[in-house]
Amino acid sequence: MNTSARAKNRNFRWGLLFFLAPVCLWLFLLIVLPHIDLLIMSFRAENDMGDMVWSLSNYRNFFEEPVYWLTYVRTAIYSVLVTFLTFCITLPLAFYITKVVCPRYQGFLTILLLMPFWVSELVRVYGWMILLRESGVVNHFLLKIGLLNQPIEMLYRDTTMVLGLVYTSMLFMVVPLISVLESLDDSLIEAAHDLGANTWSILFKIIIPHATPGIVSGSIVVFMLTLGNYLTPNLMGGKNSLWFTEQIYNQFIASFNWNQGSAFGFLLLIISSLIVWLGLTLSRQKLGKVVQ
Amino acid sequence: MKIDLSVQHVTKTYADFTAVDDVSFQVETGRFFSILGPSGCGKTTLLRMIAGLSEPDSGKIEIRARDMAGIPPNRRPVNLIFQNLALFPMMDVAENIAFGLHRRGEGKAVIHKKVSAILERVDLAGFETKKIEQLSGGQKQRVAIARCLVLEPAVLLLDEPLGALDLKLREQMKVELKKLQAKVGTTFVYITHDQSEALVMSDHVAVMNQGVFQQMDTPQNLYNHPRTPFVARFVGDNNAWAGRVNSSDGKTVSIETNDGFTFQVLSDQSFQPGEPVDLFLRPEAMLIQPDEAIADLNRFEVVVKSLLFDGANSRLLVNPLKTGTELLIALPQNRQYDYVRRDDKIEVGWAKTSGLCFPKIET
Amino acid sequence: MIRTLPQSRGYSFGFKLYMLVYFTFLFAPLVITCVLAFNDSQFPSLPWKGFTLEWFTADLPHRVGIFHDRINLDSIWVSLKVASFVTLLAVGVGTCGAFLFEQEEFRYKQLLYFLMISPLVIPGVILGISILMFSTTLGLYFEQSWNLDVALFRPGVWLVVLGQFSFIATLVTLVVSARLKKFDRTLEEAAMNLGANRFEVIWYITLRFLRPAIIGSGAVAFLMSFENFNTTLFLVGSEATLPINLYLQVRDGSTPVINAISFLLILGTSLLALVSSLVAKKSDQAT
């Protein structure tokens, strides 16, 4: 290598450093090290003498206390259910907007669709609360038209919580679905129709296989957000801490048992990674591809 | 004559192959110099090294007698017209042209004057505030050239700038570019895979293949006296006919083709009897039904397989009698040969000065 | 099936009905929230008792409108402050990240890329607690080793900024990367060839090309930060951000002031969304 090439090389490294330094600071200080710390803390506990020692007791507590692991399983199952429901609700919608409606209304409908999601989740949950609670608007109308003669409490039920979670997550499913359906060539559907396929076989043989990357990326985001959601289960799902994030919050803020909370946090991380990995494997997709 | 660009023994190797292999050449001031070669021959790599976008592994590049080693591209007195032109879409025409002047820190008034002067020169006066996407292909071309010329470079490098244009416009731009070069007098180094562009515009052409200069010459010499079989094949159309040497006396070579014809060719090279060779015949070197009176012609009979009408470039596709060899013969459109039909048997002849003979290369 | 194919009447009617139900479902909570902001009642519920602006403007003993509500105004101010810093940081680092992953080659790039997208699959709550613990660990360490009390390591505005930045930067990186992928790198070479140095190339050419993506991702970053709850919940100190503050009020019983704030939020975010999508569209056309 002659001098000029070396000089150029040094220049190049300079530019690299300029971009690399902030990114490394970010990823190591805010992602890697905190999570290592979280892992370490989850294996530390007070012994009988009141000293901090290495211990598995945080994890043992989790398995020995049914409330903990039942909430854990419940959270995971409900998150999968919410993801599936969200998909079922938004697929026809995305299909209608990309393929059926007159192109003139397409942009308008898309904006209309996205508008509510720019608004804070808290406001949306609050809206549902004033609609559904005992003194809420829905009850008011049902009483007025005589369907009910006694107001009923619609909040604080699992169905209501699932409704709230689906409502909160719809955007993250509908956006990838719209973009993946936009890339589906209309002529494929026309050709299938021409070859004698009916609506259902077009849906399962053409549309869903093509949309798989979008479905997977939407599902991952919806699943993650649902699993990690705190607001909606807390405000719409009752006061008895039946969502796993609430258990974590309780450990951290109410009991001030950070080590136990770290163990819970890690368990949540494990289940989320596990289910995401399972979803990716079953649909034969790659994370790096899907997030784009 | 002053030398603007001198390239000495430049080599560039990538991981698994040598892109440019010990290339040397010089370009005099004000010349139009072309490097002609198929895609992947190393011509773009060579151009990028001159522009400073990559550095040679060994060898020296001098511009106006100044060694360019280690000088970054933004400090070299050369400018490059990119294959896709690389006009900045976020700027208008004037901003594009002024970009380099701004980088030099020239004053606003000077820049304004220079921009309108150069626009006038490329016949785009008044186009200052046009957006790039509003321009036609030919206008973009001229903006790209103006953007470089306004900096008054020692050498202007052009990387197949006509490649993206359609045929008609390309023909027109060839002439325009040559006229423009003559008008501004800047040294042009032009690379292309299109032999017609190189032949029409250039003072000198270097034919490049697999990282090596095959021949560097005037367009006329390249066409009439190719020095390697590659040049013979690549520059203009040629029929190649495989055969073996019967005898060779250092002046005339007697060749027997693999399908049994015997021809005489003039050549200053000497060959061993029995040596495999390729015989090259230009389509226009072969005369259809030559006059009996012309002596010293290699004559043979062919069957017309097909008439390929293409205006002034019309040809006959023929098989020499009882063979499967395919030859192309120029068919002058002076109505003299209108009687030729498919499956006709006709006589063809060529002078031994117009054939070329090279040792066979394995391909 | 699709618009080019003939469709039965039932099919298109079914779809239209579905859309109607869906959009009702989508907008009902927001519309009702806004409407009740103007109800002249002590509670955010029907019946309608007449139109009033008092939940915005009043400063009465029993009814304090949002414009005089110190606590809520303060929390809005905190949120704005946090969101501005997060946006600045995330856009800066995210743009660096986009350049790093799109234009540079180095060892362990794949590993670093994986780390960069990992915040997408880490629940916000966990980001919150891990950063809270790590900062506490660091704080303890500094205090014991050098007897230094570093304010940054205690829950508060700066920790909230860092916590939100940790995942919003990923979003910015991905958005800017997507645009950078479409960038024709010969433009950079052309600029360099015309005499620009590396800095000028990035400033005049690449960043100008990226501008729509940077503005768009900046707007999204601002909103995400402004509305973040999960991560903020654990990092917030004495100065509550607006979502935290609203959460506490909603949990412990609500007054129409919350509707008034919600109305303003809906108005503000819709405007921001509209403006940013217009800007993005306009500069997209320009390039």
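For this structure, a couple of remarks:
Residue numbering begins at 1 within each chain, and the chains themselves are lettered A, B and C in the order written.
Note that in this section a contact is a pair of C-beta atoms (placed from the backbone, for glycine too) under 8 Å apart; a residue touches a chain by one contact, two chains touch by 3 or more.
The structure displayed is predicted, hence computed values, not measured ones.
Set against the Cα centre of subunit C, the chain with the most distant centre is B.
Ranked by C-beta contact pairs, the top pair of chains is A-C. Averaged C-alpha coordinates give centres for subunit B and subunit C that are 57 Å from one another. Taking each chain's centre as the average of its CA atoms, subunit A and subunit B sit 60 Å apart. The mean-CA centres of subunit A and subunit C are about 16 angstrom from one another, to the nearest whole unit.
Shared contact sites, meaning residues of subunit A that touch two or more other chains, fall at 11.
Residues of subunit B found to touch two or more other chains are 72. Contacts from subunit C toward subunit B in the complex involve residues 184, 186-187, 189-197, 200, 204-205, 208-209, 286-287. Interface of subunit C with subunit A (complex): residues 1-5, 7, 12, 15, 18-19, 22-23, 25-30, 32-33, 36, 43-47, 92-93, 96-97, 99-100, 104, 106, 112-127, 129-134, 137, 162-163, 165-166, 169, 174, 178, 198, 223, 226-227, 229-230, 233-234, 242-243, 246-247, 250-251, 254, 258-259, 262, 265-266, 269-270, 272-273, 277.
Taken in their complex, subunit B has these residues touching subunit C: 51-53, 72-75, 78-80, 82-84, 86-90, 99-100, 103-104, 131, 147-148, 151. By the touch criterion stated above, subunit A contacts subunit C in their complex at residues 11, 15-16, 18-20, 22-24, 26-27, 30-35, 37-38, 41, 89, 92-93, 96, 99-103, 111-116, 118-131, 133, 135-137, 140-141, 167, 170, 186, 189-190, 193, 199, 202, 220-221, 224, 227-231, 234-235, 245, 248-249, 252-253, 258, 261-262, 265, 268-269, 272-273, 276, 287-288, 291-292.
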